[in-house]
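Shared chain: chain A. Partners: chain B in the first complex, chain C in the second.
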Partner chain A sequence: MAERQPTRDEDKREFAEEQASLFRITLAPLVWAIHFVVCYGLVAVTCAKEWDIVAVRTGLLIFSACALAGIGWVGFAAWKQWNVAETGDFVNRGGRAEDRHHFLGHAAFLLSVISVVGVVFVSLPLIMIGGCQ
Partner chain B sequence: MTHPSGLPEPEGPYPPTDEMLAEPVPRDVQEAQARRLRAAWETPKGWRYITAVNNTEVGKWYCLTALVFMLLAGVMALIIRLQLAVPENDFVSADRFNQLFTMHGSAMMFLFAVPMFEAVSILLLPGMLGARDMPFPRLSAFGYWCFLIGGIFVIGSIFFDAAPRAGWFMYPPLATEDEGPGSDIWLLGLSFIEVASIAAAVELIVGTLKCRPPGMRVNLMPLYAWYVLVVGGMILFAFPPLIAGDFLFELERSFDWPFFDPTRGGDPMLWQHLFWIFGHPEVYIIFLPSIAIAAMVIPTVARRPIYGYSWIVLSAVGTGFLSFGLWVHHMFTTGLPSISLGFFSAASEAVVIPTGIQIFAFLATLMAGRVKMTLPMLWISGALAIFTMGGLTGVMLALAPFDFQAHDTYFIVAHLHYTLFGGMVFPVIAGVYYFFPFIQKRMMSERLGKWAFWLTFSGFNLCFLPMHLTGLWGMPRRVYTYPTGLGWDWLNLISTVGAFIIAAGFAAFVWDLIRPKHRQSQIPRNPWEAGTLEWTHDVPEESWGVRSIPHVTTRYPLWDQPDMQARIDAGRYYLPDAKEGKRETLVTSVIDAEPVQVQRVTGPTWITLWAAFFTGGAFIFPTFHWYPPAIVSGALAICCIIWWLWTATAQVPEADSKDAGLGLRLPTYAAGPASVGWWAMWITMLGDATAFASLVFGFFFYWTASPDFPPEGALHPDAGLVALAALGFAVTWSSTVGARWLNRRGQVGAARAGLILAPLAAAGAAAALVGSVMHLDPESHVYPAILWALAIWVAVHSGAGIIMQLYCLAGSLFGKLTPRYDADIWNVSLFWHFVTISALVTCAVVGLMPGAL
Partner chain C sequence: MAVKNFGQGTRCRPSRRHIGTLVSLLSVAGCGLHQSALNPAGRDATSISTLFWVMLAGAVVLWLLVNGAFFYMSRVRPGQFDQRYARHILIGGGIVLPVVVLTTLLVWGLSILPDPRRPGDGLVVRITGEQWWWRVEYWPEGAEDPILSANELRLPAGERTEIRLTSARVIHSFWVPALGGKMDMFPGRETMISLAPEKPGSYRGQCAEFCGASHAWMAFSAVVMDPGAFDTWLAAEAADATPPQDEAAVRGADLFLSEGCGACHTIRGTDAAGLVGPDLTHVGSRQTIGAGRLPATLDDIRLWLDHTEALKPEVKMPTYDLSPTELDDLAQYLEGLK
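Take a look at the complex of A and B:
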């Protein structure tokens, strides 16, 4: 408890980017959600309107690769923000701005892992299921 | 850049040093402060008790009401089980049976499970966050009264043989064509309650983001608060599609607009989509906050911090997102293309991962700790066992080919009860045992609790385990009886016996809950030796919430900050006093919880009761097609709400800043993004935008699903009027935002002129939009009907927006809204940002789409 708390100005300078918001940790799942909606919506319209399902599948698979790359990028940034290799702190339960900064990185990193799994799962039907039957 | 309002910034040292905190407070000062706080937070006595708005009172009423509805729905389940105990039974008629199972499902979901989350959170969250109250106590009270009125109305219908009877998901055409008021009662009654749910979600999100104690950064929040945040967000995106669906459904029921009637271009599948976009996330809306209770109980019994805090946050947020990609797994047998089914099957399997992670985090915590087996832990263990079973059958059902076989059989009934009992009922009861000392300052009985647990647990398995087999052997859901000789007889009999054993367990639990406990000696303050802030509560009870708001730097402050309790009690922390005799709580920043404002919160009042009463009238009268009284009720409800806002919100303070303790001076007024009201508006409008998006989705759904939408030779909206409407909305938006801008710069006259022009333009624009579809006949085909629905949606929102603009104008004229104190117009501008976007989207859909499609 007795550990020194940094002053407000120090915090502000060092971790000013955090003023932004909590929304950053939802970026990776948001990419998952957009990918999901686009896959479902486009395939539904394609099947209903009898568009070219093969072209749409190929396009969506490329889109899936882009989504994965996007999440990978978010995840890498979050990994660096978590900075566990340097701090060795897996728990981030301290009361300093730095701990919060690392924690948000940790949470965002874990969420990008689960989002990668989600995108891969959702892309599987594009590979495994032939058409609109 | 925004012109500064001239309001003061926070001043003084922060964070407090140890020396500052160690300085003693003289005893006479302490006593005087406590006396003033006690007076400001006093709960009204006698028959005025029902005017209380304090979270502790409203939360208790909310919980008890939800419990009563649950017991009623439980009795219905017992009648259902009695009817099914033996083949060819005639204990109840087929029609009565339909009403019973419809009401059992609807009441358990809408009157128990979801409200219970709100109730428990309203009751507990301020304690966990060291806040005096929620930021909008009167909104909680209003939500509660709406829930009570709507709930009695819906559940009461069964006593008049008029209950809804088309199943709790109200599929058309069965539900749309059903005679009698049953379906209308379901639609209007539950829409009314959904509005209350959204109000509670707004309150809880703002409370979690803005009312944390100083120093409690996001990485230190109790896990319960994380779950509340996630679930609040889910409610905002899950409930509005159902509200939009209800809106279309009721238009079909009342005015014969054919949204779900395929003979006139409609499509019953649209209802299924809207219902399940709501319905599946709802399962997680029920599950997450209950498992959050486990996340509070488990560290306490394991006597160590939770293992994998970040992993649990991942799990909550991840589940929140993934749960929106599952809805079609309720519709696997509706003939969608198999590739579409594949997406939902895949997402349904993916959601298992975050759900599993949190359970492993709990198990790891228990394994790493020194577990003390308490009664709450017993219930949590039962919950984990049952929920895991339900989860495993869920993994099976997420596979479309298996679901084809098991769909609509008792296998589903077994699965959903395993998930809901394990995921909701057991953890919530664990929470009741765990938090009872916090809520009532008494303990519940260990002996009765064990009886209740073993009866419920064994009864539950006896009732629902055989149902897997009953289902696999082909017994469909929702049949009121069955012939003998299919091998189902003995399985059903066992299930019925099990159901009554569950009932005995509940009887023991409820008796323990309500039996008088006056003779009990005073309980210890922290009976479970927990580490989180709610256990700094006062025993015997004080209604001020917390004596002074602590500075928190750890996840388990009672374990890690040993001086905290004494300092809270001595009034050594923030807001130890109520000098002006007003109720106040601290508002802090979203990420780091730095103190930014002293927020005045509202006290006891009758107005919320009146507002809820008239709002109830506006929803209930249309059920019986009594439109004039409904309109009068609606108007009176609006008057009540305006009076409530005018007299109690965004009041000009007597001083711009005040001493918040520990040398910190904080502003007492905030406008725009710094204020809690603005956040509430933002969050509400996010939900509103989701509902609107659902309507637009409907438009495109019809286009996708049917080859002739718009139909050949259909009349189209008047393009000139649509363009005029778009122009009018642009004018009202710019005058509103312009008025805010001018007002801030002191040009009050020009701002008032803007506030006169804005409602005129809005009225003109709404009239032009409705005029553009006037010549179309909404009963003839779904195309004109959906255009009408969009136009009505925008017109009603414009109406609300006009009232708000006039409210600001009146505020400016009567000195409530000045260049310095301008919170109202910030909120109204924000409302108009959203309405303008939806209006322009509507104009684009109505005006341009017919040409484009």
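Take a look at the complex of A and C:
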């Protein structure tokens, strides 16, 4: 049987279908990165300039809770997109558009998990170290 | 000429050939007990030491588990595993276990992190890193002027002392492994570390940041004393130098001034008021000279005066062209400055 020839702009069309998924996959690590930079930067400047560390710490803890909620929301959406509970397919090896859709949900979910761990690790010093010691 | 090693009587015996590498390493480590983070003499060093041993034990357990799993899967039971079982192993061993272990270590590490930055119980010691020695100022609680010293740090046991650090020209790092962690010293900036020594004794501190030709010879003794003995010592340290008694020492004192030593060194109670080099008011009572370079014995002080540049490359103090008798007199005078 002759191998199927790709149609004109097939890659482009398939990519366009998953554009939103590809964008969503970056969201959780992006929140983690922003949280990291804001926490380290703001605490360093606060301690150097002797601003009110208690207020900054409280603000950053609220910001951390928001970051976790945001990542949680992305992770939940990704979990639904992965749809493993219904399909039972963990690896999505198939080459269909649906498999690609599920796989991108899978990847976004795992990135959300690691982003939660990252945000929690960056937030722990805020909880355990009171000031600028 | 033969240049002596710094030391306070501790020397390593060569290990026997048949003893394994590990045992040799352990015996070498055992020779440096007065400068070992594994021989803690203070609260902060104990935290670091405990952390090290727990992490070492944990690393050994993890190493055994990972390599045991490799061995099991490649030699004992090669072949395909049930997918569900393999998935549990991967998620449990590859995600859950590292997250739990790292979180536990992070929480523990963060719980001890603020200790060396806690304020002291009263006494503050300011230390300035010079090339290559330590300018030391003791500020007891309420003091308006410091008690000046050099190249030796004395601390009361059972109390937390604030050490405020800075540097004159290049970056140094203050470290007494037996008492706590290290802290960098920057020109134009003050950093702080506090130490809570517990066991009286003498420990070795060392500059831990490369700072020039004689970096390796920039050391000091950290002497931990009972609080009562420390107070007595500090009162003596605050006093002027005792005038020399015997003839040789009197000649040495004259020589000290006539050779211009006082332009760089201070000996309180005399005309010597230089600030370029270490304060020598009580140099004879210190355990070492030349910032840990040699023990403060009469012979070693003489050796230092006769071979300064050879003993400490690029040091600012020149080797003076003195006769043997003059060297004896000068050494006698300095050794008598208790």
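Keep in mind that, in the parts below, the second predicted complex is superposed on the first by the 112 of 133 C-alpha atoms of A that agree within 3 Å, B and C clash if a C-alpha of one lies under 4 Å from a C-alpha of the other, contacts with A are read in each partner's own complex, and residues count from 1 in each chain.
Please note the rule applied: a contact is a pair of C-beta atoms (placed from the backbone, for glycine too) under 8 Å apart; a residue touches a chain by one contact, two chains touch by 3 or more.
What you see is a predicted model, and the numbers here were worked out from it, not measured in a lab.
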Next item on the list: Using the superposition on chain A described above, determine whether A:Asp99 touches chain B (first), chain C (second), both, or neither.
Entry: first
Notebook entry, point to check: Does chain B (first) or chain C (second) touch A:Cys39, or do both, or does neither?
Noted result: first
Margin query: Contacts for A:Gln133 in the overlay, against chain B (first) and chain C (second): which applies, first, second, both or neither?
Written below: both
Item checked: Which superposed partner A:Ala85 touches (first chain B, second chain C, both, neither) -> neither
Check: More residues of chain A in touch with chain C or with chain B?
Finding: B
Next item on the list: Please work out whether A:Leu124 is in contact with chain B alone, chain C alone, both, or neither, and reply first, second, both or neither.
Entry: both
Next item on the list: Considering only touches as defined above, state whether A:Lys49 meets chain B (first), chain C (second), both or neither.
Entry: first
Next item on the list: Across the two complexes, find the residues of chain A that touch chain B and also touch chain C.
Entry: 117, 121, 124-125, 128-130, 133
Next item on the list: Would you pull the chain A residues touching chain C in the complex into a rising list?
Entry: 90, 113, 117, 120-121, 124-125, 128-130, 133
Check: Okay, in this complex, where on chain B does chain A touch?
Finding: 14-15, 17-18, 215, 217-220, 305, 309-311, 313-314, 317-318, 321-322, 324-325, 336-347, 349-350, 353-354, 552-555, 560-563, 590-592, 594, 704-705
Next item on the list: Give every residue of chain C touching chain A within the complex, in rising order.
Entry: 87, 95, 99, 102-103, 106-107, 110-111, 113-114, 117-118
Note to self: Give the list of chain A residues in touch with chain B in this complex.
What the structure shows: 1-2, 5, 8, 11, 18-19, 21-22, 25-26, 29-30, 32-33, 36, 39-40, 43-45, 47-49, 53, 91-93, 95, 97, 99-100, 103-104, 106-107, 110-111, 114-115, 117-118, 121-122, 124-126, 128-133
